[in-house]
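Structures incoming, each one as structure tokens.
In the two assemblies presented below, subunit A is common to both, partnered first by subunit B and then by subunit C.
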Partner chain A sequence: MSIKVIRPGLLASIQDLGRYGFQKYGVIVSGAMDSYALRIANLLIGNQEGEAAIEVTLMGTSLQFEEDSLIAITGGNLSPKIEGEAVPLWRPVLIKKGSILQFTASQSGCRAYVTVAGGFDIPQIMESKSTYLRGGIGGFKGRSLQAGDVLPFQEKTKASAPLFARLKQNLKNRSFGSVEWYVPAGHVMNTSERVIRVIKGMEFDKFSSSSREQFFEQEFQITPQSDRMGYRLSGPELQLEQPFELLSEAVAEGTIQVPKDGNPIILLADRQTTGGYPRIAQISSVDLPVVAQLKPGEKIRFKEITREESERLYLKREQDIEEIKTGLSLKKWSL
Partner chain B sequence: MLKMSELQEMVNIIDRSSVNVFTFEYEGMKIKLEKTVGVQQTDQNESVIVPVPDIVQKIEKPAEKKENNADHIVSPMVGTFYASSSPEEEPFVNVGASVKAGEVVCVLEAMKLFNEVQSEVDGEIVEILVKDGDIVEYGQPLFVVKKSQ
Partner chain C sequence: MIQRMGLTENKIEMKPLGDSAVVVKFGTDINSVVHRKVKALTLKLQHHSFKGFIECVPAFASVTVFYNPLIVKRSYDTGKNKSPFDIVSFMMEEIVKELVEDQEENPRIVEIPVCYGGEYGPDLQFVADENHMSIEEVIKIHSSGEYLVYMIGFAPGFPYLGGLSEKIATPRRSSPRVSIPVGSVGIAGNQTGVYPISTPGGWQLIGRTPAALFQPEHNPPSLLASGDVVKFVPITVDEYEKYQETTQ
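On to the complex of A and B.
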């Protein structure tokens, strides 16, 4: 059981929930930019939620399945097609042996995740299958996927067997089959302007009062200088009240730091382990998947919430995922 | 195969719930649980007699329509009704829309999963009987459809 990469597209890499515990040695976390989409993509087909997936960026990726395979595609809608026919997202899909899955163009969002039942048979390096692209560590040969790569699967889990059997029975002559239920993807939306919730950063009070106001009142645009490491924003230039030197300190996913030029940077999955720029804000964990699906050119605003509110949102999200798990296990009964 | 303990648990849950009839099919096995919901004895007290004919009429009306090529799309499950796949999207169908058998007409949310409901017949949507966000029961009519000849 395996996938063959026909075309890698803009950027496709193997990512799981990240490589934790090694930042003290300078090894970055990496992992899926949209961890919510990754988790759901795994749960849909009976995998552990942290199994590795192929993270597809924007377009051009094309993958051939060498056996009948139970897969799921979540995240942004990058118009996935199997043999030319549109494939539904956020549900289990059985793809027929020899069929080609292609990502053609972004309708909404920036990144899609492809999981396979059982997960990819790729060695864990420092407890993770994620690709640390700049460091050449982990994933498939430490690099982004290239044409001709063959990614083997692990044994399918027992949990996926009834789903596989039912979809296979209904497949007939078609190149893929799916089910009539799905997990809603509320966070990948095609709205013109998104509001990202943040808590004040460690150095928020050191910014000038006009910059503090502008940060919450004006919009920022994602610039083309944005990648898995971070998004550089353009908008009002944010200035400190008094210049000061900061010792390098730990930074987290979603930290918004402001270099001397005043244009903020949102640190994301491939962020460095420490940073020395003042941190104006920290994005609430639940909105990180929203940010991960933003494309260059799109605009956002920031809204302040308290740390307590951010925690409450986080717990609510985790409860929702628990409910999805229960819902999915009940689906198994009805197969 | 269902374990005795699981069956016991199921019976207990149904017993405590407001459900009166429960059918369950799994791996070729079919179980039907029916509660003895006693007709309330009213001690011949005339003042509490339920106006039965009214209810009967209400129930029979849809049945009459059915004979005139009208049909219902009923809910296959308990869930929350949504006419569109997300708040920003257009509804799957409006009154007057023609539908084909197998076409998705609405989604029902249960346990954070969205379940598509399909029309079983070719026809025209005559009436939508529920609103966005309504909780619908198993077997509850959702749409009135006029079958095409």
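On to the complex of A and C.
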């Protein structure tokens, strides 16, 4: 049971929900940029929600399946095609032995996730299968995927067996088969302007009053100098009321820090564990998947919410995911 | 917002870092009293964490505690509709109150062998010139100090060390090097440190260690931890090469 990488495309790497517990040793978390998409991609095919997936960035990735395989594709719509035919997202898909899955162009979003029933058979390093690209650790040989790589996966789970059997029965001569139902994904939006909800950051009050106003009133653009480590934004330059010394301290996914040049940086999956720049805001956890799907050149605005509201949104999303889990367990037998 | 006095004269603050972490702040500057509290809380959480605890990250004057808000809420909300932040902050307050700073406790001392100067320490002469002394004196001062590991950050296994003698403090290079070799020992201002991985940087390089500070296949993956004391031990080029051979 394996996948062969025909072309890696712009960037493809193995990621799970991240490497936690080692930040006090300076080991970064890594993991899927869009953790919501990763979780759903696993749940759709009966995996534990934190199994590793292939994170595909924008386009060019092409994968060949060496056995009949039950997979799911979620995240951004990067126009996935199997043997030239469009594949639906956010639902289980049975792909026929020898078929090639290609990501051709972004219709919406920036990153897609490919999971396989049973999960990838890749060793855990520090309790995670995520690739720490700069450190050369974890994932597949500590690096992004390259042409010719063969990624083994484990035997499919019991939970996915009925679905596999039904899809296989209906496959006939087609290169893939899927189902009518899907999990709706609201967060990958194809609008020109997005509003990202944030909580005021630890040093918000240290910024000048005009910078504090501009932060919430003006647009910021994602610059090309953006990657899994962080998104650099351009827009109004944010200035401190007066300079001050800040001791290095932990940062989190979604921390928005402002270096001396005044251009904010959103810290993301491959962020350093600690930072010493003033933090103007912290993105609400539920909006991190939205940010993860933004492409360079796109524009965002920030909207302030309270910490309490952010917590409510978090708990609500977790409830929604639990409902999805229940729903999926009932759908196991239906197409 | 929970803000109250701790047992000592310093105010302890609990601040949210978003919706899934709380920063326990023990002070606003670098000193050994604050450091001992940081260390005590970190150790405590390693052995007595709570349901929903993910990990904690000690820094110069704070410990950031990451948690899963859903598990915290379900495990500890006693029907009073408290938020996950309030629940964790309250637990941290209770833990901090009971923290015992063991003044007698001996920190772990880690000796790091360093081959000073030559090709391994291309800036040693510059550091000597800048401080009007010989390179031997720089080596003597650097290797006779005891350095406290305040925190690990910036890169895997990279220690922020306190305790560099003012006598050999040297400003950063005006133009940073594109790549600093693994194991380089450097000085930047009044800080000294060791590079566990190869990265760009502007530090003055005075030597190199054959010891691996970052070992991803080990648990823990870092040679050093917050609270350790580092001593640098001078070695010759021969000893450096032998050390490398025996560890490979």
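Assume the second predicted complex is superposed on the first by the 332 of 335 C-alpha atoms of A that agree within 3 Å, B and C clash if a C-alpha of one lies under 4 Å from a C-alpha of the other, contacts with A are read in each partner's own complex, and residues count from 1 in each chain.
The definition used in the following text is that a contact is a pair of C-beta atoms (placed from the backbone, for glycine too) under 8 Å apart; a residue touches a chain by one contact, two chains touch by 3 or more.
On a predicted model such as this, the values are computed, not experimentally measured, just so you know.
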item: Residue contacts with subunit A in the superposition, subunit B compared against subunit C; value: C
item: First (subunit B), second (subunit C), both or neither touched by A:320; value: first
item: Contacts of A:284 with subunit B and subunit C, given as first, second, both or neither; value: second
item: Contacts of A:184 with subunit B and subunit C, given as first, second, both or neither; value: first
item: Partner chain in contact with A:272 - subunit B first, subunit C second, else both or neither; value: second
item: Touched partner set for A:195, first subunit B, second subunit C, both or neither; value: neither
item: Touched partner set for A:21, first subunit B, second subunit C, both or neither; value: second
item: Which superposed partner A:330 touches (first subunit B, second subunit C, both, neither); value: first
item: Residue numbers on subunit A that touch subunit C, as the complex places them; value: 20-28, 125-126, 135, 137, 199, 202, 247-252, 254-255, 272-274, 282-285, 307-308, 310-311, 313-315, 318
item: Subunit A - residues contacting subunit B, complex; value: 180-184, 186, 189-191, 320, 323-324, 326-328, 330-331, 333
item: Complex contact set, residues of subunit B against subunit A; value: 26, 85-86, 88, 104, 109-116, 118
item: Residues of subunit C touching subunit A in the complex; value: 15-21, 23, 28-30, 42, 54-62, 64, 66, 69-70, 73, 83-85, 151-158, 160, 196-197, 214, 216-217, 219-222, 225-226
